[in-house]
Amino acid sequence: MDLDLNFLAQDRFAALVGVRLVQVEPGHAVARLELEDKHLNAAGVVQGGAIFTLADFAFAAASNSHGRLALAINCSIDFFTSPRGRALTAEAKEVHRSPKLASYNVDIHDEGGEICARFTGTVYRKKDRVAL
Amino acid sequence: MDLDLNFLAQDRFAALVGVRLVQVEPGHAVARLELEDKHLNAAGVVQGGAIFTLADFAFAAASNSHGRLALAINCSIDFFTSPRGRALTAEAKEVHRSPKLASYNVDIHDEGGEICARFTGTVYRKKDRVAL
Amino acid sequence: MDLDLNFLAQDRFAALVGVRLVQVEPGHAVARLELEDKHLNAAGVVQGGAIFTLADFAFAAASNSHGRLALAINCSIDFFTSPRGRALTAEAKEVHRSPKLASYNVDIHDEGGEICARFTGTVYRKKDRVAL
Amino acid sequence: MDLDLNFLAQDRFAALVGVRLVQVEPGHAVARLELEDKHLNAAGVVQGGAIFTLADFAFAAASNSHGRLALAINCSIDFFTSPRGRALTAEAKEVHRSPKLASYNVDIHDEGGEICARFTGTVYRKKDRVAL
């Protein structure tokens, strides 16, 4: 799909972290993070906040993909393993959508294809239009 | 308490984001984030990932404060309002701790003292010692 | 406060389980469950569903206490210890409320006063009036 | 698979609610609830606690299916729509399993096949053997 990505391109925090939107279509999005030393925590593994930010960005893209502004109500994330390799991919899928609310599942995989974390997020859908 | 903060000072992602540990004692920690333009999302408000990273850092400090390595199993965050003012404070409190598991509540307030978000996190406690 | 409890008194599932509303006032509620053999799981401890139902009922009372119909969007529950004694008490407190959404914390204590579980719930607030 | 279901058959609370185990195999389980008036809440729709109990039972079956006792650490549930029809089905799938921890997704569908709720649960895996 040929969506305008200008809206999410303005996310300065995602840019700081290095999260990049790879794909977006209605109810679905993929984001990617090339891992660098700046993403590591005190234990030398990828910091939970970096993984959350990646997942949250895919969630934001998928939930705003219908052209209406979606605001996060809550999110949860389960951490399974420390990622291996040099990149993480997050894929957001819509689980349910009603006029006011919608819910998404985001799986985060490392370079070897192993699932490192799973994120769930719910949004409140406003009437404002958004050109994703 | 006079704890050695060297361990968490090595968190490079927290440094990138600008999260700073203000206080830590057994089962309790406070972290702070001075807000800058780099923390904003596409809608011009503080990005969820920045708020999560702040809360997660307070959670990491509190859960490692007993001197044993604590690994996050899962976290959830409820977003209430967009923060006002130029700084956020996150205060982590231990809700329950057993030998293997522990659970924390983290409230995030803005400069005006309003609660912006609430974070809950659970850790698995390893036997490794950590000098926080 | 002298609220009309007719609405929640019609909850047949709560009646089946044996959950009883003890107190309700705006943004706050307490519910109680006298433990019987019927609440036990295969391992001989109080079943998670019974604890959830108790917490959920206090949450429903607190979130409907403002006189507008509140529908649960999502709930999470952390289980800390197996309850001791013959009764559980759940106390729901409002953490944040906006016109459309509200969030509650529910702590579940056993007869000895130890915290057994913590529940968090978010509601969508409809315009329908409810006489709690 | 021909597993012995004696362990979960002893769950008195599940019996009270009417939850029935339909299928179980390593890392996977299906449970079913025939809806009756006793499952309704004050608003006349299926009570959240009944849906949770159904999902939690499928989760317990799947997480104990490897023959080691699994204790729930935490669970979350998203409610999407009020179920239609006279039965609910919950299907639990293992998302990740390590020696100490495991995580499950449980989707709850109504008789028409629509997803009504999604449940996520994490267990701590003890060394005790369990004959499911």
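The letters A, B, C and D name the chains in turn, as written, and every chain counts its residues from 1.
Everything below uses one rule, namely that a residue touches a chain if its C-beta (ideal position, glycine included) is under 8 Å from a C-beta of that chain, and two chains touch if they have at least 3 such contacts.
Bear in mind the structure is a predicted one, so any value in this text is a computation, not a measurement.
**Student:** As a test of understanding: of all chains, whose mean C-alpha position lies farthest from that of chain C?
**Tutor:** Between chain C and every other chain, the largest centroid distance is to A.
**Student:** Write down the chain pair with more C-beta contact pairs when A-B is set against B-C.
**Tutor:** Looking at contacts between chains, A-B has the larger number.
**Student:** Starting from the mean Cα coordinates of chain B and chain C, work out the distance between those two points in Å.
**Tutor:** Going by mean C-alpha positions, chain B sits 28 Å from chain C.
**Student:** When the centre of a chain is set as the mean of its C-alpha atoms, what distance in Å lies between chain B and chain D?
**Tutor:** Averaging C-alpha atoms per chain gives centres 32 Å apart.
**Student:** Please work out the Cα centroid separation of chain A and chain B, and write it as a whole number of Å.
**Tutor:** 20
**Student:** Could you tell me which residues belong to chain C and also touch two or more other chains?
**Tutor:** Touching at least two other chains: 73-74, 76, 78, 122.
**Student:** Would you mind writing out the residues of chain B in touch with chain C in their complex?
**Tutor:** 76, 78, 80-81, 95-96, 98, 103, 105, 115, 118, 120, 122
**Student:** Which bits of chain D are touching chain C when the two form their complex?
**Tutor:** On the chain D side, the touching residues are 7-14, 16-17, 37-43, 46-50, 52-53, 56-57, 60, 69, 71-79.
**Student:** Along chain A, where are the residues that touch chain C in the complex?
**Tutor:** Of all residues in chain A, those touching chain C are 73-74, 76, 100-101, 122, 124.
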